[in-house]
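The letters A, B, C and D name the chains in turn, as written, and every chain counts its residues from 1.
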Amino acid sequence: MEKINAELFTLTYGSTVRQLLIDNEENVDAVNVQLDKMGYNIGIRLVDEFLAKSSGARCRDFKEAAEMIAKHGLKMFLGVTASVSNWNADNTECSLIMDDNPMVDFVELPEQYSNLSYCNMLCGVFRGALEMVNMRVECWYVRDLLRGDDVFEMRLKLLEVTAESYNDED
Amino acid sequence: MAPRREVAESCLEFLYIELVQSYERKDAECAEKGDGRASRAALESIGFQVGQQLAERYTIDRARFADHLEVIKFICKEFWSEIFRKQVDHLKTNRHRALFVLQDDRFRWLRHLSLPAEQTSNTEAVAKYLVFPCGLIKGALSSFGVNCEVTAEISEDARKPTQCSFEVRIK
Amino acid sequence: MRPPELKNWLRGIYTPVVQVIPTTDAEAICLKNGLTFAETLRPFCNLRNLNVPIRTAGEHAYRLQDFKIRILNAKNIEQHAVEVAEEQLTQIVSQAAEVATDEGWSKEKQIGELLNMRRDPTPWFTKYQSEFLNALTFSDHEAFDHPVACLLVVPSTDPDPVKTFLDLYSTHNVPTLIREGIADPQLLKHYVLLHDMQSDVTLERAEQVFIEMKSTLGAGSCQLVAINSRKEPEGDSEHVRPDLWGDLCDPAWQRAAHLSHLGIDSPEELRMGKNGAQLTEDDLVTLDSLVKDFTIKVMLPYMENRVVSLNQQVTDTRKGLKNQLKSFWGYRKEKPKSGPEGQDALAGGGHYAYNSPESQLRILADLAFLLRDYELALSHYRLLAADYKADKAWKRFAGVQEAMGLTLFMTDGARREMEICFDSAFQSYSRCASPNGVGQSPVDMGMARYSTRSMLFLSSIFRSHGMFRDATLPLMRASYQESPLRAALLLEQSAYCYLHSQPQLLRKFGFHMVLAGQRYNSCHQRWHAIRAYTTVLGVYCSKGWAYIEEHLHFALGRQVSFIGDLAGSVQYLVKLLGACSHQPAALQATYLREFLYVMQCLSEQGRPGGDMDPAAAAAAAAAGAAAVAAALPAEDLPLPEVNLERIHVHFHDHRSYASPSAVQVGEEVWSQVEAPVVPVAQAGPTWMDGNKATKEVTNTCVAGEEIGVDVELCNRLQVQIEVSQVRLLCAHEGRAEGEPISDYVEVQEEAISLKPGESSLLRLRLRPLREGVLRIQAVQWVLCSVAPGCKRFRQDPPEGARPGDRATPPHKRLVFTVVPPLPRVEAKLEGLPSVMFEGEIHRCILELSNVARPALQNIKLSTTSPGLLCGHCPQELKGAPPGCLEVGAQEEVPPESCGSLERAVVRDPYTGEIVPAAPTSVPFDSVFVFPPGTVLEGEAQLRWPVWIRSGAAGLLALNLVVYYEPQGACPGPIKYRVLRMGAQIQVNPSVRAEAQLSPCRGDLQRHLLNVHLQSLHPSQQFRVRQLSCLRSTRQELWQLAPLSSPDTLELAPGEQKPTPPGGACGVPLTPSSQSRLLFHLTKGREGAAAGASGAASSLHLEPAGSGRGGAEDADEEAAAAMVDMDHWAVVQFLRRAKAQHLADQAAKQRSNSLTRRPSIQAAGPSQEERADREQVELVLVWEVGADGSAGVASPGGERALSVAGPARMGVHFMHSNSLNAEAPLRCVLEGPSPHRCAAACWEARAPTLRLRARGL
Amino acid sequence: MIVCAAVVGPSYNPLHLQTFALDDDPLKYHYIVHCALDVIDERLSPPSPRSRGAGGNDPCLGYLYSTEDFKVYGYVSNTHVKFLLVLDDPETKDVRELFHRFHSAYIDAVSNPFQLPGHSITSRSFEARLRALASS
């Protein structure tokens, strides 16, 4: 997989976020949403490349999928890895913990954007990608380096597995 | 400076494609004022900022440019290869050095572009993807003190789908 | 100065000194002219076109064209004490200030001005410089100023002139230099016999004396001078001779010294007449020739010889190899007087006697210099330097270096070498100035001056060559070790050097100017400081250098106020307030204090201290205010910041609001509520009713009604500020000249104190009193009760907005069309609970009061909240629920005093066409029209009942609009007005009821109704009080019969179950408990049943297992305690409930999606019919336990209520389906699903129905 | 040691000024830095023949000028951003390395997407890195 210097990517992402803030008259929430949306679109496309490059290692369940993202996905694309932890009882919820992320190099969040989830695009990517493998998930940040936490913690929550048929109430 | 780390090139490509398309969608949504000027401006200014930042970054400890020509040369060589992994193929200029044409026969960012079928004219579709690079170049040049307009053209030649040229018009 | 000029200047400085020793009488003669003898001669000391040949050591003679000598009194041939000299110098600077202040120097200069500033910006410096050099003359370490010759002056009146001459030159009369053996006492002596023409001695006598003189003293060295030839008294024509002496005279204190030495103590002569009053032209000629002859014939030759002989002598003693060896072996070390070390060195090696070879050498060199034989001088200086260096006689060494430097310049020698000379001069001087190396110990000012001098020379030499860059360095070096004042002057000079250097170095100019300013400041040369700062404002300001700007402005603010220009000071200080947010609080506080203080002084200017009569006081105050205004236009005060974006205008046009919360509700919501009542023709006044002439967008408001404008004041400082007298400034176009604005508008003032960094919204109020167009123009305030401030509002519409454009929304418009007074209703809902239980029915009182004079009519009330129902008639105010709801409580009322309900018909405000109801609105009669005759007089009130039934748990939002019209014709554009009221009620869960209906075994007419009750509230106790079965639209009336024990099955239908006397009223339902009630439901025979009313058959409930009592009284009681299903409110609510229910069902059938939010819409009649056919409608009435505890034994409803305070009851509406005998069914009556939006679906609790066929 | 570090924008507006000496009034450094711009101007314009070619147009201008007790050094990036260091040690020293680190820190600071170009830099990490630079 071809690599490039992170800077170009990092700066482009940063500039994108800034532009979105301008487009949305500084409305941080709107930007969070839009980042997620863009991420989702990316995720949908990106998953193929991932599966192709990652020697087609299919993951059977959510647990595996999470591991796959943490260990291979992030490594392959962003060159970082995350650890998976904080599983809930029925293995439908977990945290990806990253202590570093090229997207936030150089970034310092001004006070007025303290509610901005700068890397929200990543959430969207996971959402999109997993949906492509029949897992509807929610994804959001619990901890964020930019907001003074020591690491990134993204919460992944499995909503449903769309492949299997499921009985709706009534 | 942070350790010079690497990411997959596709990260950039995906982001970049999504950027263009999301602005396309935005235009589509608000069709009434959908001349797309606004979103083109937005795309360009994204590129512009990145261009400025990279200009600073790529010229650290480099001898100061004596004139515009040196600047343009830098763009064609170092700057281009940093970003597009290759140098500009041809550089043309007019006598007064107020106009430069940078031609790239295999513009990297058009490689993986699979164009939607319903696109009637290839060029116009591709054009959208060249706004960002234009901003990039313009940003870099401006931070070297060269105020200019940058426009891009795609070759009509179907055999060279990724050939395009950037026209730098110095104010 | 170009080099030639500079050379001239230097020649003018270095001139031979001629000492004068007059006798007292001689001096007295001169004093008749107000001059000492020395002074008398001064005008003639500058000799021109001489063309005298001079021949010194060199082979060839050279010619002097001009020459100058210094004629001084012995007493003045010594260096003045440092303090004295400094005092003199300071005077010069201060005087410069006085002179120049009125030339408006202290103006801010734009860079442009600075660059092409033609005139010398610091004229006083030239004078200062020469004074400074002057003060350094007669030093012991150089021989330039050693007297060369000596004029002895004796009057012709003297009895024995010759003797006097000989005595005159005594140690008593020689200058200190000579007395201390530093200067050579062997002077050229010249004898002047002074003859006073006005004395009684005749000129002949004098001439005789002169002849004797010559014979004894030698002809060449004698001269007779006759003065005071003026015979005629003063004051005639030819006295208009320009004063030749002017500034050539010695300063008073020097004269005094000299005269007192002569014993002339009270020199009042000096004050008499103008200089040279007694001198005729001839006298002047003689004086002139005296000097000329002396110089040319006597002094120059003498000097020549001196040089020659000295030179000879030096060559003998020095040039010999022996001596060189001597010096090589350093034999001088053994000489006691020489080779001074340590302290001696500091004293400057003062121990070289005049006859020591070194001194001789120096004298020689200096003489050569004076005679302008610079080559010769230079060669000797070179030798000398070496010696002094060897002796570590630094001061003298420095002196020589300095002299060398000058000589090199004079001879256009190597520039580099010259630089080095001055350099080492500077260093060695400094070395003496501060023994432990420059800077460390307190500098010996006296000595430091010399190093400064050398640097001054160097820099002026550079300047003469136009090398301004290089000229700065020496000045800077000198400035470092100098006293503040001189440092300031030097820095200023270097600043100008930067300004003139190529390329211009503006920033450096600025920097050094500021440094100079600081120095000036520190030595209280305020005016100079100000000048320095203002000069550079242009260099620094508005270029982003906040700190610097700030520093300049503050310094200027201070200094300018010190010199009394308060207005000027304010200009600078105010700039600080705007731009110091980056500074620490303490500093900001200082700025603010300074500013306020100056403003204070300004406002008190011209106010005499102490008390004065009010008139004068007022006048003074006015004057002060004027002064303040002149100094600082209110618009320019940056504190507090006014945020024009946040302006919000509150006013009543045709709309008004009952509460602030009502304002928050969106306009679109209100227009929806109003649509049914607002007349179609005129949908309220619009901007078109504004100023017709200008087509300007205006708001419409009513005379006498208050207008409020929210203005945001923001304190950017870290310091608390007080803002008082905040008021709106406005203009009323109706106002004629001279009329006080107060007749037209009533303005309120506010005061506020803003904490650090706080910004707060302030509601400013005014009340237009007359019709016309009112413009709110600005907000005014007073900062800390001193500084008036003002911020103008934007009047013109924003960019691109045409006049008459809707671009500016009403709440931003500041122009009003004031219309004549109108009625205005204020309203409140009395007894509106903040919390209710779902399904609870509550009555409160709508109190409408017309706060204006004019009467109003045609009151309507419109709402979109089905939970809100306007009472039918005032009578409903009697009693309280549930009492007033019970059977018989309702009394007959004449129809005319009753209001009526109308189905809301929403019309398009412009076209008037009926608009299909908005999807969210529930079809119900949402408009209540008050009884036709109702008129509300001015300041009258009207109370009207309003019923509220809470919906599902959650927030219940009530929005209602009171519509009314002024009585009679009203001129203005406003034909009607609306009052918008909003309220929110928290709704808590109460009771959930399910009913199962199953066929009775045996009796097909009968059915078993199984009501399952559940209390949803965690703490509250409820009592289920009554169950009613409504008459279906097919007029079928079902009979309810309780079934608490098996035997009740046997009871005859319709037979009433007696309530036990004193038994608890209703079935208690303890918090979150459940209970089950069984009933028989029988197709009824009309009227048979007790508790059956027109609309429904009802059954009063009681706790299960209560014993039976007397049947008869129970009846009335039961009946009495029964809620009347025919009651207006109940009927209306039930109707709405039903409509809602149908809508729900319809919605359900349409969308079988699982989405939680039903989209409800009007149910078509067909549906309604079907529903009727199928359904049996049950109503469950519960009551809130008086005190939440179960088992309160209270007798029947009424009494229970009276006992237990305001009882609260609720009604649940349940559907069942009618049963046809053939197919027995079981009905399950469910509670509703949760999550319903309060506004629309509050009836959601009404049970919905699900059928499950069960085969038999 | 380094007592003050400053960044000045292409249009000679101060972007950042940080002092490291304790309880020291920044004001004086503002003056000193502002003053140094004159020298920089001189050095930059016009590119005199000698400055062209080898060694010419070196971004590091080195020693600029000295005040009574400081020496000021300069560095100009290709984007016409001026970097200035004020040192208080008497002897002139080679500052190339310092400026390299200074410039790098700046590059990262302006890579922050929220750092508007031409506006003064208020970045904690930038300040931290300059402190490190000063204390090194």
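Note that a contact is a pair of C-beta atoms (placed from the backbone, for glycine too) under 8 Å apart; a residue touches a chain by one contact, two chains touch by 3 or more.
The chain list, named the UniProt way, goes like this: A = Trafficking protein particle complex subunit; B = Trafficking protein particle complex subunit 6B; C = Trafficking protein particle complex subunit 8; D = Trafficking protein particle complex subunit 2-like protein.
Quick caveat, the model's predicted, so the values are computed rather than measured.
Visitor: Write down the chain pair with more C-beta contact pairs when C-D is set against A-B.
Guide: Most contacts of the two pairs: A-B.
Visitor: Looking at CA centres, what chain is most distant from subunit D?
Guide: Most distant chain from subunit D: A.
Visitor: What whole-Å value do you get for the distance between subunit C and subunit D if each is reduced to the mean of its CA atoms?
Guide: Spacing between the chain centres: roughly 31 Å.
Visitor: So, what's the distance in Å between the C-alpha centres of subunit B and subunit A?
Guide: 28
Visitor: If you average the Cα atoms of subunit B and of subunit C to get two centres, how far apart are those centres in Å?
Guide: 45
Visitor: In whole angstrom, how far does the Cα centroid of subunit A sit from the Cα centroid of subunit D?
Guide: 40
Visitor: When you check subunit D against every other chain, which residues touch at least two of them?
Guide: Each of 108, 111, 113 in subunit D touches at least two other chains.
Visitor: Find every residue in subunit B that makes contact with two or more other chains and list them.
Guide: In subunit B, residues 2, 49, 53, 57 touch at least two other chains, as defined above.
Visitor: What residues of subunit D sit close enough to touch subunit B in their complex?
Guide: Those residues of subunit D that touch subunit B are 10, 47, 52, 56-59, 76-81, 100, 103-108, 110-111, 113, 117.
Visitor: Could you please specify the touching residues of subunit D with respect to subunit C in the complex?
Guide: For this pair, the touching residues of subunit D are 12-14, 17, 26-27, 30-32, 34-38, 41-42, 68.
Visitor: Can you name the residues of subunit B that touch subunit A in the complex?
Guide: Contacts found on subunit B: 2, 4-12, 14-19, 21-22, 42, 45-47, 49-50, 53-54, 57, 82-83, 85.
Visitor: Per the contact definition, I'd like the list of subunit A residues that touch subunit D in the complex.
Guide: 7, 10-11, 14-15, 17-18, 105-110, 113
Visitor: Given the complex with subunit B, which residues does subunit A contribute to the contact?
Guide: Contacts found on subunit A: 1-13, 15-16, 18-19, 22-23, 34, 37-38, 41-42, 45-46, 49, 76-79, 102, 105-106, 121.
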